[in-house]
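Report on the structure given below.
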Amino acid sequence: MAHFMHTQAVEKNPPAPSVTAKLLERYCAVRAASEQLCEPLLDDDYCLQSMPDASPPKWHLAHVTWFFETFVLKPYRDGYSGFNPHFDVLFNSYYNGIGEQYPRPKRGLLTRPSVEQVMAWRRHVDAAMVQLLEAADDDALSTLAPLVELGLNHEQQHQELLLMDLKHGWSQNPLDPVYQPQRLPTATKVEPLKWCRFEADAEVAMGHVGSGFAFDNEGPAHLVRSDAFEMADRLITNGEYLAFVEDGGYQQALLWLADGWAQKDIVDRGHPLYWRKDSDGWTEFTLHGRQALDPNRPVLHLSYYEADAYATWAGARLPAESEWERWAGERSDTREDIAAHPVDTTPWCNAWVWTASPYVAYPGFKPAAGAVGEYNGKFMCNQMVLRGGCSISPPGHVRTTYRNFYYPHQQWPFTGLQLARDHG
Amino acid sequence: MAHFMHTQAVEKNPPAPSVTAKLLERYCAVRAASEQLCEPLLDDDYCLQSMPDASPPKWHLAHVTWFFETFVLKPYRDGYSGFNPHFDVLFNSYYNGIGEQYPRPKRGLLTRPSVEQVMAWRRHVDAAMVQLLEAADDDALSTLAPLVELGLNHEQQHQELLLMDLKHGWSQNPLDPVYQPQRLPTATKVEPLKWCRFEADAEVAMGHVGSGFAFDNEGPAHLVRSDAFEMADRLITNGEYLAFVEDGGYQQALLWLADGWAQKDIVDRGHPLYWRKDSDGWTEFTLHGRQALDPNRPVLHLSYYEADAYATWAGARLPAESEWERWAGERSDTREDIAAHPVDTTPWCNAWVWTASPYVAYPGFKPAAGAVGEYNGKFMCNQMVLRGGCSISPPGHVRTTYRNFYYPHQQWPFTGLQLARDHG
Amino acid sequence: MAHFMHTQAVEKNPPAPSVTAKLLERYCAVRAASEQLCEPLLDDDYCLQSMPDASPPKWHLAHVTWFFETFVLKPYRDGYSGFNPHFDVLFNSYYNGIGEQYPRPKRGLLTRPSVEQVMAWRRHVDAAMVQLLEAADDDALSTLAPLVELGLNHEQQHQELLLMDLKHGWSQNPLDPVYQPQRLPTATKVEPLKWCRFEADAEVAMGHVGSGFAFDNEGPAHLVRSDAFEMADRLITNGEYLAFVEDGGYQQALLWLADGWAQKDIVDRGHPLYWRKDSDGWTEFTLHGRQALDPNRPVLHLSYYEADAYATWAGARLPAESEWERWAGERSDTREDIAAHPVDTTPWCNAWVWTASPYVAYPGFKPAAGAVGEYNGKFMCNQMVLRGGCSISPPGHVRTTYRNFYYPHQQWPFTGLQLARDHG
Amino acid sequence: MAHFMHTQAVEKNPPAPSVTAKLLERYCAVRAASEQLCEPLLDDDYCLQSMPDASPPKWHLAHVTWFFETFVLKPYRDGYSGFNPHFDVLFNSYYNGIGEQYPRPKRGLLTRPSVEQVMAWRRHVDAAMVQLLEAADDDALSTLAPLVELGLNHEQQHQELLLMDLKHGWSQNPLDPVYQPQRLPTATKVEPLKWCRFEADAEVAMGHVGSGFAFDNEGPAHLVRSDAFEMADRLITNGEYLAFVEDGGYQQALLWLADGWAQKDIVDRGHPLYWRKDSDGWTEFTLHGRQALDPNRPVLHLSYYEADAYATWAGARLPAESEWERWAGERSDTREDIAAHPVDTTPWCNAWVWTASPYVAYPGFKPAAGAVGEYNGKFMCNQMVLRGGCSISPPGHVRTTYRNFYYPHQQWPFTGLQLARDHG
């Protein structure tokens, strides 16, 4: 299990006392952040599940807790027994190595345990985690720290999912619920797309190296060949995408992949997921409520098929993930906070970009042994890689090697569009 | 609209002052009862919807309020405008004459309006209703009273639905939530079935007459011919039905209607909806939680197909609704309270019994004009009549002419089984 | 099994020699008719199955042969063994009492046995049948004759089905295949609807009596009560139905049963199954190919929902089956031949009419013992009764007590529309 | 359109007279081969379509003819008009650039045009093609030849599809129809798997070069990096795969990709598509009829999910397509004839092997302009590359750069399994 992450942070030598302190601090911060995210929710909202792909807020809060209980407390804390044996099944997402799972499409039916009980469970697990870590000697810590770090990154992934899922659920409600009341500022007018040129290179480095945390699917680091190409310097905007819509892009079969054209719900809708054309113009549903469609904000919530069709229409293509990683490696975008909706098109952490790369293992990749090995490997089929992060991604998750992945028809992540093209 | 109900209670002559008082008292009692039914619920439970046929508790509380607002307040109270224009759509069940409806399978997504807002709406409508009724002169009352009476009977129907739906939703939860904590008493051992004999009669009266409230589908009263027959004196028990299960009843195609045998979910399950065979015997899920299967309690939650197959296996048949009404007419069962689960098999208000009669209009039936005419008539196709009432039916709904109706595959109402057979 | 049909034709006393001769003659005539019906087919057409409800011509030819082999030859002809043991399963339609069945939706996949082999099987069975009947003494004949008669009526039912199914299959083909090349003559202009008045009667006789063949579901004969009513003197025409279409009948929810309105394929289509609006007007697909829609021909291929919506729109209703039988009893319509498409609206054997009566057992009905009892009884749920026969019904099947039945959404039988209304 | 194929065979310089002669000879040979393949068919078989993925033999014969009519005769032969305007739609597979298509799942309903008419169309098109080619001067030929070559390769692809589809259709028939009557010889006992070792190489060449025909998706030729690896020297056998089955491989979630484990039809079946366990052992359905499962024949008809699960169980993995191409480049397998079922596991043209490579464009790939550009490019999503060819692939299609592609759940192609593993 020690191989699960490609990290060199935790070594077998005695850690400085501050390691425990830092880990505890981080543990408490991440756990608290999940709950802070839920502050705008009413009790009514915690069980909302609008499709099988999405989960209710309460389920997210419980599942990330199950992760610590299952992978840390049960194996490593003497005498720890589960809070409730039913929770082992109810809040197991997809770990067949652990046991049965409550059916995913029915998570919204779990009105019990109540929010209150889930919060009590969180407190119970937090107390046990703190005790475990405080009591851990260096040797124990060298085992525990990577698992805790994985659990924290996992919880952060669910923070993003929680907001995505909530947005999708609320979008079904004609009342247009608001997560954060705010009228979005008018975005600055974007400049015409500029292209960053990259020369052919037979030794482009890909994948995670170094001491920070990374998921197993970000390695092994390796070299790839790259032809010359050009990468757009920013995301495509609502305004640019609207031109495609208004040019009849959704009616021209020749622009679409065959599987995209067969996706009738998307093609017949004729515009991105959360857009609506009202009598007084286009609007989009956001976590700030329904807003007028600002032509200078990045377009969001595209399926891969829509992104690909746009690129074809625009005479360009989607980037390979190696191309994106090469481009991103020359930048130093960071972000301190999350934003419920992105306004800017330039830093690459505003919207995930679909790459043209199917999600497959890097050469030499081996999943970790045991149930934790189900984290990434078993999904390496039928999905496409997205890169860069979005405005609701936790800040620490924004790195050049991060590989997100979704099915090409999915639209509820904060997915945008960045063009590439051949060169030379 | 005055013809909507077959009632003679409300006449055009000036009503005694007590008519208003009685109506108000009844209005307040019925409205309060809906909310009392929800007392065991947690906030988490109000949005639970486990299938398209069922609705969340919050939706029921809102919809019955919508009914008064739509059919009484808006047309008859000067200056009344809706509480929230979105609610016109969100809480319209199926009245095309009124306007659009929010899709039924998505009612569980309506985390907003909150329970609190729905309760505020109830208060708002109640206040307006009280003012309207208090101010009504005799003439106005003669118009309003039948509509209010209809609205109250409608709300009572939803009280039963609310509990049925909640039970179905909770049954999906491995935690076995409990509505009313109580271990059910051991039921008295039933006697062998006795048969009540009825002679052939060319003039059997059917349908509602008299001064009490009845739904439009209970009339016009009319005569039918009846052959001689015999009716069982009580409901079939869990123990009797278990004998059918254990005799392989679910594996013998010749016992089943073709459409029943094609209902794979029922046939493959091999037992009634809420039963489960555990290592230490059969249990059934009830509103008192999961309970050992008592062989002397009435069997519940059968589809029509299961009821019919049992009757065939038992060498009997299901009664025609006219037979049941004739039999019931000789009894005087009443009930003061509801019970979350029936224990007794004799009074006919413990479980709805499937009749062999498809739900069609009585000769001469005409739906009321306008949207309120959608109440019953448009459902007179593909459903079967059930008679008698069940332990969670509001007491006033237990009458010999009441016609309930469900599709033959449905099992979540409190449906039981009473046998009949030919005679002579 | 002797009770299977309500017939008094065959008695236990020695039959005159002519009984055998007549039966043989009839056997040969019916069997030959099935094959004559197929003469316009190409080899390519014999496996055509366009939906699970329909069967390929080859399957019909084989199944009716299976019926004689299974219910007559195997039990009654010494030493007869099946032609091919696989055929027992392949051509069993729905007789669970006999054994397994090849899945109905896959019948079109049975390219083998070839047409040639099926024809060889027919010859084989015919030879054995002739030998069996010729050798039968009076006693044997008293057992065999009702079964043979049932088999022949069964085969005639499949003659109608074969044409219905073929029409549906060909209707999917843009080449508009033609069964019988002929331009239909212009129909005579119909007179405005006249109403035949019937007085209330407490003793209306229903059901089959007498010596002719009838299916078990046509009995027992019994009395019913009838209110006064009026019956239209002819079928509704294309022209009358077109007025409903053009009046927006398919867009007005209030005209439709709830289940009909939910049948999106029908409602969204906006016209009867085989109609099409071309640039130069309405056409309908017929067994004579695509023809201009003649306003004076009977409207055909309506679902129950469409028939009911039309009746509501027209201020009338569909007749009860007892009303229809009473009306038909006063007429003496007969027909010598079948016609691939009906032109006339008056004799009641031009199009099946949907009645408002669900298909249920008559009082005292009991299915025959054994597998043959599956013929009718197990379908007595969810279907509606149709009466009268259509232009492709074999002549002998046109009788006042005949009860045909289909699901309310089905449109591929030759279903038409005759109105009734209350009176008095 | 000249860029459609990566071929240098046809140059703008005057071709020798033999070019026309050779092309005509090849045209006639390929066209005749399609019809010879159908010789074992009965008339009954020509319309058989057992699933939307498959097409009837008649449709294949017609569609390949449509291809020549659409892409060669209509644009290049003066005065040529289509044989039947309906055929433009009926036999267009998926070319949106050409126009509408008859729905794929309904191809089996096209009993008309008859086989005879389709054969007449073939004769008509063949005559026109011969005339066109014979009259073509060098310049015309330089345009026509690549298109004709494409059409012939296209027709050969459909020859393989025709047999695959026929096999699937017949496999649904309990009569086990036989394409080629023959008891398969007992295969030679295979040796234990040997591994061929390949060293790491930063400049592995991939893709088609040279003068022969290749599809557009086989280029552009380019270099890739390859780590060291080992490739199994033969296909996996039935016997080896049976060990996986008997070890409970289909019951162990941890061996499967998540999407594979969710494919209930495959996982619940528990063995490859055409296998069956009878009382006297395993059999497999083949084009020679049902045969005993020979442990030394190659395993066939695996989905990608099954192939991947087997590889995981065996401690190996599937090869990348670049690895396979490198391995195959060192061999010189050829084949003169097709075989209805493969017996040998060593030449790589016995069964397609699933690679771990998703089907995506090679760097710099651009689809051809116009409708013919829909040939390959629009399918580059959600599918996996298969390599090598199978026993029913036309001989000329067996080359190291050929990229076949199917969805990971598909099993009806002749798909086998060849293992690879990391090294060093």
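Brief remarks follow.
We just call them A, B, C and D in the order they show up, numbering each chain from 1.
In this section, a contact is a pair of C-beta atoms (placed from the backbone, for glycine too) under 8 Å apart; a residue touches a chain by one contact, two chains touch by 3 or more.
Because the structure is a prediction, the values reported are computed rather than measured.
The chains that touch chain C as well as chain D do not exist here; no chain meets both. In this assembly, D is the chain whose CA centroid lies farthest from the centroid of chain B. Rounded to whole angstrom, the centroid-to-centroid distance between chain B and chain C, based on C-alpha atoms, equals 38 Å. One simple way to say how far apart two chains are is to compare their mean CA positions; for chain A and chain B this gives 46 Å.
Look at where the CA atoms of chain A average out and do the same for chain C: the two points lie 59 Å apart.
Among all residues of chain B, none touch two or more other chains. Listed in rising order, the residues of chain C touching chain D in the complex are 42-48, 50, 58, 86, 89-90, 102, 106, 108-115, 169-170, 172-175, 177.
Within the complex formed with chain D, the chain A residues making contact are 94, 96-97, 202-203, 222-225, 227, 253-254, 256-261, 304-305, 308, 356-358, 360-361, 363-364, 374, 378-382, 408, 422.
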